[in-house]
Every structure is written in structure tokens, then in C-alpha cells.
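Each of the two complexes below includes chain A, the first together with chain B, the second together with chain C.
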Partner chain A sequence: MEVLKEFLEEHDLPRRAQACYQCGSCAGGCPVGRLRWDFNPRRFIEMILRGQLEEIVKDRTVWLCAYCLTCLEHCPQKIEVSEIMVQLKNAAARMGCAPESEAKKGGLIMGQGWTDVPAKRALKKREELGLPNLDPGIDPAELADLSRTLGWPAKMDLFQNGGRSGPETGPGENKME
Partner chain B sequence: MGNFRATIEQKPRYVGDSCNACRACLEVCPVNVPNEFDLGLSPRHAIYQPFSQAVPSLFVVDPDSCIRCFKCVDVCDQRSIDFAQKPREVEIDAGAIVLSTGFDVFDPTPLSEYGYGRWPDVVTGLEIERLLDPAGPTKGDLIRPSDFQKPKGVAFIQCAGSRDRDYNAYCSGYCCMASLKAALHIKEKYPETEVAIFYLDIRTPGKAYEEFFRRVREAGVVFIQGKPSEVALGEGGQGLVVYAEDRNLGRPLEWKTDLVVLATGAVPAAGADELGSRLSVSLDENGFFREFHPKLRPIDSPSEGVFFAGASCGPKDIPYSVAQGSAAAGRASRILMKDSLVIEPIVARVDPGLCRNVEKKCGICVQRCPFGAITAEPGRAAVINPAKCMGCGTCAADCPTGAISQNHFRDLQIYAQIQSYLREGPESKILAFMCWWCSYPGADNAGVNHLQYPAVSRGIRVMCAGRIKRDFVFEAFRRGAGMVLVSGCHSQDCHYLTGQHHAERRMPAVFSRLEKIGLSPERFRVEWISAAEGAKYARVITEMDQKLKELGRARIMEENAKALPELEKRLAHIPTISFVGGRS
Partner chain C sequence: MSENESYPLYTGCLIRSRLPHLEKSARMVFDRLGVKLSELTGATCCPEGVGFRGLDEEVWLTLAARNLSLADQSSRPMLTLCSGCYSTFRECEHILAENKSLREKVARNLENINRQYSPGPGVEHFARFLYEKVGAPALTELVSRPLRGLKTAFHQGCHFLRPSHLIDFDDPDHPTKLEELIRALGAETIDYPRKMLCCGLTIAGVDPDLSLRMGFEKMKLMKDCGAQAVVLICPACMLQFDLNQRRMEQVFGRELSLPVFYLTELIGLAMGESADSLGLALHRTDVRPLLDSLWNTESAAEPPGGK
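Our next item is the complex of A and B:
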């Protein structure tokens, strides 16, 4: 828990949330919340204020945030709810609580510059419509360089620390081939 | 104070006093424009009565919309209509002024998420008031503006633009009760209507207000805690949907309704700021007039003889406005009932022979005075109006030529106190400068509560920390003081609005100067101590005494000796004052 406490302090988190008066305009406007009632940004803010950090990182619904910024727009107290949600995701990742799918996404981005390989059907459709080929346009060597600069391997380790093994993709490997 | 001249422009009514409000002119006037009193929800003619209970009960002609067909002139039995009337100026000599400029209602159009101005069935609290009024545009029948049908549901949205840092950060206070009243009105008249109130907090602190809130709950109004994020058109453009989080159930909510009422708060009245600036009355952070003291002098302005009533200095409901209006009348009559006024003698005075403003533009004192008591015309010495001066002494402390002195707190009087306290064993003493209202009573509070602290402090009381100039501190060190403390009110509590601020601004330079001339900066301390902070005063003195002992008498005397030539040079103009009857 020390790691997490440090992380929250580093990002000035309890203080940035302190002006919240729990009006719920973030939760009321949240498009994810309309589909999934268990996702509630207001609740996360309150949990930060009450120091329920362990519960936050274990709560998988953190990862449902789509970062659409609607909450940021609505907040009458100018709390950066969406930014706080990103930090909560980072905190969870640092604690090794990130879902495998998220770790996989990270690996894919740094491995090939994509999170999704386009489906064959989609590629065929593009050809039919006369659209240009989808070329990742990223040089594997350049990507490996970027990965090192960003300290990506160490970050991937963090993802894997929690016992949820990430994808095997290492930096520089291009899965497209 | 007691000497105002107001020029009032009286606009022409174009209708004489003989009008008996027979309404014959209304039958013939061909003009129809939106009725301002009904917020544009009904039409009026170019000749009209502003509202049904208007006093005097006379009609008026709106010259902007009138087409000059003069049909009204033809039908008027009383021959009251007179288009030759001209605007008239009236001059009044006034002994006191009451600013009761009221408030404007916040326009919720910028709150685009609630759709005011876009969806016709989104109205404001004031508009629903007109719709429910038996004398209003619908004779009290509740309708929704889009199709004039009776709404099946009404939803109130509280704090529309209030308690919101993008719009009005403050709570207007009256909107909760206004919405509760309208909700109960609807529920009693149309019990089948589904009435919901979306709220952050329901604030009902007035007399019998909480009981009223209970009555509204018992009438079946639904209370949903949560600030709505959006109002949208319902399916197929029918009705409205309020999107919110139902906080008590912890889940998002789509509330279908027919009419949405935005409980909009108060904003400062347009033009009030200009009027205020003519009377040296400043505005607070929200644009309302700033009181002399928000708790202890809520009716008085910093300008003597100018008072506030109603919402001019902040949103208020009816009982509070009535109370404040009566209080303002009382405060004003306190001035008007007397033939002459007795003022405090502690006012500041200018020695015109020394004032720098005669030679070149200065005016520092004018800027320092928060009460608008000082004027400095180009080429002439500054003049202080003793009736407006509150006696803080801030101008005297900052006068670059020493032309200003404050009665009973003249420089020489204060130097005499400094020298007197430091005649014997000065190096073991703490000389404390204190303001009248906070720090001195704070020290008193320590005594009253029997708090122990070393008996080494000697207090010099001034009206305001703003009076304490740097030379007071230097003089204390010249006379060998061990420690010097400057204390005053906390900045938000300053009894002279800005005096503490100026003291705080002056003091940092003292630390660096002391260091330069070889005195340990720890020997000077600046602390803001309120009248209730006896414990803080005791702690500060204890800590200072500890420091004094740590440094040791020898070191202090050595430092003092080293700094003396510099101090003597700086303070050469300050004489050593001889004491009559003092101990030798």
C-alpha cells in the first residue's frame, strides 16, 4: 500500500479532489455510467477523499472510463475528474492490478504501433472501396528507440508484477508480420 | 457624511396625475410588445400600467414602442395624456444614502446543457412564478409554453448556475425556498402532477422554513439528490428528459417530465458598480457591495453615511431584506436626527507645508485610504476629510515626507513609548506592536485565561497594524531591544479593510535590512493574532524568549553595538525624548 500512497501523493491526488461536494453531475452525465451502473466517477472521488485506496485499485470498473472528458466539462467545482481517473488507472497498473487486456494493449502499441490488427474482412472491404492499404508506417527500429526512451520495458514489468502476465510481445517486435 | 448631493432624473410618464386607470386607452392602442413584468410571457400595449398593483395607479406610455397614432389621446376622458412632458432633473441634498440597488436574476442561457432558450419548456424560477400568479399571463393556470397544455410533470433544477465556479460560486440562499413554494403550489393545485426537485442540498435555515420543507415532502413532491448534467428533448420531440445521478440510490437516472424549472440565483444589479464607485464603495469578489465588516457592521459601507439595504451587498430573501432595510433606515436616522455629529478624535491630519503633492504628483495616501477620505488635487496638498477618516493611520505610516500624522498616535508619541519601555535592560525585552482590535485583545485573552508566558513583552497599541512603519522597528533596535514583534489582525479580519495588508507588505524589507546591518533576523517576528488567540500570543512570546536566551545577552549587545552607527544614521531625525517623572 505504501507504493500506492506514494503514487497518490506524487500526483497530489487527495488535494485535487478536495473541492468535490458530491453533486453527481459527473456520474449523471457519464455515457459509460448510463450503460454500466457500477461505473461511477463520483464514487471514486469520494473514495479518494476517504482514503479507500486499496478498494479503488481492486475495483476493475476504473478501467471502464473512456476518457471522454464529459465529467470534466460538467464539474461545477472544476475538478479534473477525467485526469484523476487516468491517475487511478496508473495507480492500479503500478500495483499490478491492471486487467490483462490493458497490459496486452500496451504491449501491442509498443510492439507494432497498433492496438488492433484490422480484420481480414475490413481489409477486403477497403480494397473493394478502393481505399489505400493500411500501412502502419512505423519503422520497427524507430519504435524500439521510442520504447527505450519512454522506459517502456520497466513499465511493462509493472503490469506483470501483479501476477497477470502480459503478452509476450517485446519492444521492437512487429506482430504485423 | 451628512453632505451628499444627488441628481435624480425623472423620466416622463406622458400621462398626467389625473389618470384614473379607466383602461379605455388599452382598447384602442394598436401596439403589442412583450410585457417586461411578465418576463415576455404576455403582451402589453404601448400605453400600459407596469403591473396591476403599481403605485401610483397611473398609466404610462413607452415612447420606444409608441407609434404616435394618438388614438389614446382621443379616448381619454380625463385629458391626462400629454406627449409634451420632458425628462426632469431633481437635485436633493442628503445627509445619508441607502444603497438598495437590488439584484438581477442570473440568465441561464450560457448553461447550454440545460437548454434554456433552446427548449421552450425550460423556464426559470421567476417565469414559473409568473405562470402561477393569479394576476399573471395565464391567470394562474399552469401551462407548458411549447403547446399551452397542462404539464403532467414538473422538475425543478436547483443551483442552476449557483455554487458553480464557472458561473456564480456563491449560494443565493433564496432559491431553495422559492422552488419549495412553487412545488407546493403546483402540488396543491394539481395533485396529479408529478413534481420533482433535483438538489445538491436543500437549505432552509430561516424561521419556519424547515417546517415548510417538511410540508412539501408530505405533499408528495419527489426530492432527488444530484445535480442534473443535461436536459434533452424526449422521444419524438415529446416532453423533456433530465439526466442526473440519483445519488441516494447511486445510479444514473433519466427522468421524464414536461416542464423544467431552473432555480436561478441572484447576480449584482447592472450599473450598481458605477454608482458604488462614485461613493467610494468597493465590490466584493462576486460583484456585490462590500460591507464595512461582514459580521459586525453588515449595514454600513466603508464610506461614512452610506448604508446598504437588501440584495445590494449580497443575495437575500424577503424577511432578511426587510430586516436590513429597517436597520439601514435606523443607521441613517442616527445621522439625520442630530444637529451636529461627534467624531472620534483619532483622525489623521496633513501638514500642508510638508506634503509632497504640492511639488509633484504623489497621492500615495489617497491609494492607502480604503474609506475614500483623502483627496489630493494636482499642485495642492492632500486633504483628509475628518468625518470620513476612520483613524487607522495607514496613510501616516506610508507618507514619504512625514506630512501626515494621526492624532493620539503621532510618530513622536510612539517613539516616546518605545524609548520609555527600553530604558532599562532592553536586551532582555520583547517589544510588541499590536493592533487595537485583534492582537492587543489577543494578548489580553492570554491573561484572562491565565496562560503562562515569560514576562518580557512590552506592548505598544496602535489602532491598526497599518500604522506600524518600519522606522518603529528600527527605533526599537536602536534603543537596544532584544526582540521586536509586529502583530495585527488576520488579513480577512482587518477592521480597517486593508491596513493589515499594507503592514504585511512593508515588513519583509525589514528582515533583509536587519540582516544587512548585522542584526539576526530571528530577532524580528511578524505574527497575525486574533482576539481569540491568547494561546497563540503566549506561544509566540515563549518562543521568542527562548530564542532570546539561545542567542544570549552578550551576542545581542554585540549585534546592537555593531548596528548602532547605521541605525543612528537612518534615525537621525528622531530625537531622544526626555521623561518627566520617570525613574532615573
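Our next item is the complex of A and C:
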């Protein structure tokens, strides 16, 4: 939990949440909370204020935040609730609690540049519609450099296994070749 | 808009890989308006600002800043066709302007791959461009086949207006501006409850059932209020409402049959483009019965099929 505590302090979360008086406007407008009683942005702010770090990471519902920004617009105290939710996801990911779907998406973006590559059928449709040829996007060599610069392989291991694959891929190492 | 300068087009992952017809309609409409688009090379995913940003914000920011650095400093703003990409780029610009420590980290990351970000011409959403640079009266002038009698439910989506303190375009809870563009085509825009609800697509990977239900709840409200079609401005919302509509009907046992149009598709139709030339056959929810009934009730002076 030391890593997590440092993370929250580094991102100044306790101070950023401080003005919350738990009115619940964020929860009232939340489109996910409408359908899922166990997802409540107000409660995440409360957990930060109470220092309930373990609960935050263990609570997988943090990943249900659709980042629609309704809470951000409605907070009477101008707390950036949605931004805090992003930081909580970052904290959870760092502790090895990222959903498989999102870790996979990360692997695709850092491995091929895009979340999805066009199927043959889509390319054929482009041609039929008279659209210009697709630019392939980032050069694979540059993407590989970028991935190394960002310490991505170690991060992926962290997101998927909490860094348990091996000591050489510990948290926070931005390894350069 | 007499200048020759062009706008670099950023289409994003979903249009590239799955929705080429949205790009087709956008290029068609911009061409008819005399707006030149240029091709952006060497880009990546914007990157996606919900799950991917949730993994690691610094990585997300670095990729976004790199994409912004690809456009020529002296060019027009990059034009995006996706509200998610728009949001990522606008937030990236804001964070890099306000947060010194992240700005320095991102600068170092980019330096390692011989790139550099500095605030440039930025980014523009196609729908905002249409409202601000073209305007409803100019659109009406180009309409050759008004969509009279068509009752549309407009879905604004989350990332076009919010955060309102950054984007500052329209009221984030009760927006009205883009509906003017739809009415400029002769169509009607209906009111329905909870109009600003999220489509739910961003959490499709994390909880597919919940995501589908969010989409269904919103479509049900539109349908109950008399909508004949949905109009939207984001390819992610398009996937949810068009591609997933059949599954919503199966899972929740209720017929929707609501054709979904991307804003430039609707504009293209009103300008007289045919459904075929716009690639509307690629829609999963058939648009033809609606278009047939719309054109057939019109006077004989406006034959179906377009030019």
C-alpha cells in the first residue's frame, strides 16, 4: 500500500477531494449509477478523504466509470470528479487491478498504433466508396522506440500481473536501451 | 472560406477500421462546402481516453501530444470526426498548458523519439466547424431535397461539449446549437427525457451487459417520444446505437427499428446525394424503409434516388 499512498500524494488527491461535502450531485447525475447501485462516484471521493486506499484498489467498480463528465459539470464545489476517477484507475492499474479488456486495448495501441486494424472487407469498402488509401500510421520502428521510452513492457506486466512475472519488470522503471 | 488552405483530417480508429461510410459522408459534405481536407500521415490512435487513459495517464498524454505534433504548425486545425478523439486532443492541450511536471515528462518522452510538441493550430470537431464556420442558413441554401416530416432524436454524446470550461461551445446540460443544423435540412428535432445520457459504449469492454443496457435505455426514451431516426456526431455512439441495436432488441425483447445517421450523412441526403453513394447500405439498422417512406410522401417534383 506504500506505492499507492505515494501515488495518491503525488497526484495530490486528498487535497483535490477536500472541498467535497458529500452532497451526491455527482452520483445523482451519473448514468452508470442509475443502473448500478454499487457504482457511486461520491463514495470514491469519500474513500480518498478517509484514506481507505485498499478499498479503492480492490473496488473493481472504479472501471465502470464511462468518463461521461456529467459529475464534473454538476459538482457545486468544482471538484474534478471524473479526473480523480482517472487517477484512481491509474492507481488500480499500477497495483495490477486493470480489467483484461483495457489491458488488451493498451497492448493493441502500443503494439500496432490503433485499437483495431481495418479488416480486408473494410478496405474493400473504402475502395468501393472511392475513399483515398489509408495512411498506415506510425512507423513500426518509431512505435517500438516509443514503447521502450514509456517503459511500456514493464507497465503491461504490471497491469496484467501486478508485476509478479519477474523482479526485472518492477514498477515505475522507465527503461531505455 | 475562399482560402486554399486545407484542414488535416484525423479520422480515428473506429472510422478507419469499421465505419468508412462516415468518412465518405464527411468528405462529400466538406467537398460540397468547398472546404479542402488534407491527409495526416504517421498517426496513432488518439489515444482512447477512457480505458487506455485509465491505465496510465502519462502514456496517454504522450501519444496524444505526438499526434498533435504531426500537423504542420502553420496549417489549419486538425479536423476530427470523433468526439472521443476531440476530447483527448482538447484535454491534452489543456493539461500540457497547465501542468508543468506532466509537460516536462511528455517533452522528455517525445525527445527520445525525436519529436517535439508545442501548442499549434490545435483541433476542431467537424460538427462545431459546421455550426461556426458554415452555419444553418448556408446549409439550408445547399438543400435540394428537404427532409420534411422526418422526426429525429439528436444524441449529443458526452465528449463534444464537456468539460464545458474547456470546450465552451454550448450549454452542457441543455444544448441547442447543433439541432439548428438538423432543422436547417428541413427535419424536425424531438424532445425526449434525459437527453444528455451517455450511450454507454466506453465501458463495453469492462461490462458488456451494462453497456448494452445503457444504450437501450436511451434508445427506448427516443422511441417512446416518437423518434423515427437518431442523429449523432460520434463513431463510438454510432457503433452503440446502430451496430448494437439488434442485440438490444434481442436482449431486452423490444423492437426499436431506429435508423441512425451520422450528421454528415443526413446533410448529404438533404443535399441530394443517394443512399448508395453515401454507403448507407453499411448501416446495420436498415435506413431504406424510412427513406422510401420519406421520399414517397413528397411531391413528384422531387423524385427518390437523388442525383
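Annotations
Throughout what follows, the second predicted complex is superposed on the first by the 139 of 177 C-alpha atoms of A that agree within 3 Å, B and C clash if a C-alpha of one lies under 4 Å from a C-alpha of the other, contacts with A are read in each partner's own complex, and residues count from 1 in each chain.
In this section, a residue touches a chain if its C-beta (ideal position, glycine included) is under 8 Å from a C-beta of that chain, and two chains touch if they have at least 3 such contacts.
All of these numbers come straight from a predicted model, not from anything done at the bench.
In the superposition on chain A, no contact is made by A:I48 with either chain B or chain C.
Residue contacts after overlaying the shared chain place A:Y21 against chain B, while chain C stays out of touching range. Of the two partner chains placed by the overlay, neither chain B nor chain C lies in contact with A:M95. Of the two partner chains, chain C is the only one touched by A:G106; chain B is not. When the two complexes are overlaid on their common chain A, residue A:V57 makes contact with neither chain B nor chain C. Judged by the touch definition given at the top, the superposed model places A:L13 against neither chain B nor chain C. Looking at the shared chain after the overlay, A:V86 reaches chain C, while chain B stays out of its contact range.
Comparing chain B with chain C, more residues of chain A are touched by C. Comparing the two complexes, residues 34, 70 of chain A contact chain B in one case and chain C in the other.
Across the complex, chain B is touched by residues 21-30, 33-34, 37, 40, 42-43, 70, 74, 76-78 of chain A.
Those residues of chain A that touch chain C in the complex are listed here as 31-32, 34-36, 63-70, 72-73, 86-87, 89-90, 93, 98-99, 101-106, 109-110, 113-119, 122, 125-126, 128-132, 134-135, 137-139, 142-143, 145-146, 149-150, 152, 155, 159, 176. By the touch criterion given at the top, residues 113, 159, 163-166, 200, 225-230, 243-247, 250-254 of chain B touch chain A in their complex. Those residues of chain C whose C-beta lies close enough to touch chain A in the complex are 13-14, 16-18, 20-21, 23-24, 27, 39-45, 47-59, 62-63, 66, 109, 112-113, 158-159, 162-164, 172-173, 196-198, 200, 202-203, 205-207, 210, 213-214, 217, 279, 282.
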